[in-house]
Amino acid sequence: MKTTEPNPGLQLDARGRLCHLLTLDGLPRELLIDILDEAEAHDKVLRGQDKKQGTLSGRTIVNLFFEPSTRTRTTFELAAKRLSADVLNLQVSASSTSKGETLFDTLKTLEAMQADMFVVRHEASGAAHFFAEHAAPGVAILNAGDGRHAHPTQGLLDLFTIRRYKGGGVGGPSNDCFKKLTVAIVGDVLHSRVARSDIHGLRILGTKEIRVVAPPTLVPAGIEAMGVKVFHELESGLDGADVVILLRLQKERMMGAFLPSLAEFHRDFGLTRARLAKLKPEAIVMHPGPINRGVEIEGDVAYGPRSLILNQVSHGIAVRMAVMSMILGAPAPAEARSPRSRR
Amino acid sequence: MKTTEPNPGLQLDARGRLCHLLTLDGLPRELLIDILDEAEAHDKVLRGQDKKQGTLSGRTIVNLFFEPSTRTRTTFELAAKRLSADVLNLQVSASSTSKGETLFDTLKTLEAMQADMFVVRHEASGAAHFFAEHAAPGVAILNAGDGRHAHPTQGLLDLFTIRRYKGGGVGGPSNDCFKKLTVAIVGDVLHSRVARSDIHGLRILGTKEIRVVAPPTLVPAGIEAMGVKVFHELESGLDGADVVILLRLQKERMMGAFLPSLAEFHRDFGLTRARLAKLKPEAIVMHPGPINRGVEIEGDVAYGPRSLILNQVSHGIAVRMAVMSMILGAPAPAEARSPRSRR
Amino acid sequence: MKTTEPNPGLQLDARGRLCHLLTLDGLPRELLIDILDEAEAHDKVLRGQDKKQGTLSGRTIVNLFFEPSTRTRTTFELAAKRLSADVLNLQVSASSTSKGETLFDTLKTLEAMQADMFVVRHEASGAAHFFAEHAAPGVAILNAGDGRHAHPTQGLLDLFTIRRYKGGGVGGPSNDCFKKLTVAIVGDVLHSRVARSDIHGLRILGTKEIRVVAPPTLVPAGIEAMGVKVFHELESGLDGADVVILLRLQKERMMGAFLPSLAEFHRDFGLTRARLAKLKPEAIVMHPGPINRGVEIEGDVAYGPRSLILNQVSHGIAVRMAVMSMILGAPAPAEARSPRSRR
């Protein structure tokens, strides 16, 4: 596959509205905040008994997964169904690719079936950009994770979660909260598209300090250029942090080369109850899931009172509904809208 | 997985209403009858052209199958879709469990996606109880078969079928019909969750005589304590029976240890046309499907005039709709309701 | 499986209306044209933003695929969902058949779940007929490809595409256009159910000349009896053609016996830019997809200005919606109807 460099302009149409979501990198601050506010409205609907909105009725959303991920696919499927779209789940690998069809042919064929949006996950960085560059006008691409590059809806739901729990107060959430926060991202940063999307989003919203905490083998060279501080030791990395984002250790990608052992990683970088006790009392703990119990996090910590891991899952549906409906030009119902956030 | 002993109280809320369905064991007679009556109303809708009801619109039902079963999953999927719920099918094995996620993590993650009900099938007895014990308030568990333990919706549809064909008459179905019936359950009782659920249901409704007919190797020790009579010989076991429930021989579980051969089983316990002719003229034949032709039943018998096997399949959809809508607090439309059954 | 000879009468009810679609062979010309006209109405709806019609709400359509084909299944799934039917996707192979269930048992069980229509794909010629012969009254069978026998919806969408691009003009499409057309079907005719359905459809509509262009090893013996001219050389086969229908080379079926090599096939029968340039200027190029780039067609030709390959995909949805709604007795909305075609 021919991959291409990110082109941030690709994501916005001539009037500055979102038409694809490929990466948070380069998105305007106001647009990020609009998405978070829209997600607040959807989250409100989801807390009721009837979680269905008719807004995308008659539209078709295709989950096009070249990398298997039941969990991620499920969140997009639910988001689309709750907006009343018709949803197609295509796990591509055996079927058409084995018949010699190229990525381009797959895109064009599904477009011809009048799909409105493709949710794309692919192991190659740049796959979503490739689709966006070749998509017909009016067909939207939503990146659900491409290689090590980006996972923008995960980045958005992390921002949403931080804003909700650190930016509360009278008059709606405050986006200025980020200017006072120290956020530590801990673990396998090297292989993590989540870390990259988090860092981009946090910077756009003006986060005071972003830290990356990992053994040297798991930090990409030159990451300081993204505006982060690197720590190779957990205790100092967590000192004074308001938000701790743990990353999933991709055990299947470790292959002995990056880590001496999982036990050693846990000893040096795992979040245990003992370490949790040393955090600031109001610090929050996040993780994109699924967790590796006893590796990057202890089970008790994952389900403890300071963990927002399950909240993140809920917010993920709301954020995906927001992105889908904004791109397809169908906002949440007026009665669900909160006052806009303080900007 | 830590499994736990059945706790019948778990299934009913403080006001005695069904909140999970895990086993028929311990359910009140009145509640069983309410489910059967509710299923009658759904069955009436299903016999029309438009089989859709809007009652569960906006609710999310997750089919969580740890054991593959297209057929059973299909019946729950159809039931949920015909009630207008959003349905997610998750075949769990490779995906999340291979990533080290525990059963508990899977439950909590899907709960966080605002699922209202989980239809759970698992090879371990007690899995559905485990889920029900750990489910958040307002999240319902419906057992679609756990190990050898229970398959309550199959038990209910068998009761429904018997009541319809043996309890008819003026003024709606009579629940007293069971007091006059002799029911013979034939085949691999040892491995059968269907047999256990049937026996519990039949006892609650006061069935006159429940028989278990199988070779000694396929009868669990001490089953007499469940209130059944054991027969090791088919002819005497069927003598005077009003209802014959054949069980599917789980060929893949036999492994040479329990049976000399399939041919021998068929010779001694298979329902043939010759044996059918010796039954009482009004006796009915049932089987949970899929049938093993030439093993526990001859094809001609399965599709003969006294077989209710396909009726059972239809009733299964109605029964599952009844359970789903009762648990989620949304009854069938008034216009579909028949007068209540005679109690 | 016991297969049976096609029985064209099976497809029409006593009043001559379509009740199954198994093959185009033997269908009345007027009925074919009615389907194409109905598809025009659906195509019009599909070009709008809201592609959903409520016409089959409450009906159940089962995609029963014994042969994996994500692409074909997707087109039927989308067609059914856009008509608001409940859709079940069943990929049968491992699950029930491995449990010893026969084709007949599968049909009867799914019928008992009150399915209204089965879309059947099977590797055995005659499978769809088998289902239609055994289906209960009111249950419809739609053949989505059976062995080498037939793929009638593909045939219909090819006719639809030809009529639209060759039969245009004032007053709606003209069905008489076929009387002036020379159509060349190129490639692996031997294994192609598409070729058979195309030939039947083209003959019924009175096509002037139908050609089959392939190496001798890939032409079925006696195909001249179907009313086609056979060419073993590409240049003469394409000379004067108005429509070129390329077939997919089933590489997995070649196994060395039929072809010296793919490269040789491409050299002798592949549609290249050079060969395209020699066609009549208004000739159109079609292919059922997915294409084998560099085998039967060059990528540039497939996406070139004379190619209608992606249009065929779009038309395929409209044609399938037409067949589904006509069989289930629910026509497209009046406002979408064009004037009838000129007959």
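Remarks
Just so it is clear, A, B and C label the chains in written order, and each chain counts residues from 1 on its own.
Keep in mind that, in the parts below, a contact is a pair of C-beta atoms (placed from the backbone, for glycine too) under 8 Å apart; a residue touches a chain by one contact, two chains touch by 3 or more.
Everything numeric here is computed off the predicted structure, so don't read it as measured data.
Two copies of one sequence, chain B and chain C, touch each other mainly through non-matching residues, since under half of the numbers at the interface are common to both. Rotation angle, chain A onto chain B, C-alpha superposition: 120 degrees, expressed as a multiple of 5.
Computed centre separation for the pair chain B/chain C is 41 angstrom, with centres defined by C-alpha atoms.
Residues of chain C in contact with at least two other chains: none. Those residues of chain A that touch chain B in the shared complex are 46, 49-52, 68-71, 74-75, 77-78, 81-82, 251, 289-293, 303, 310-311, 313-314, 317. Across the interface of their complex, chain C is touched by residues 57-60, 86, 88, 90, 92, 94-96, 99-102, 105, 108-114 of chain A.
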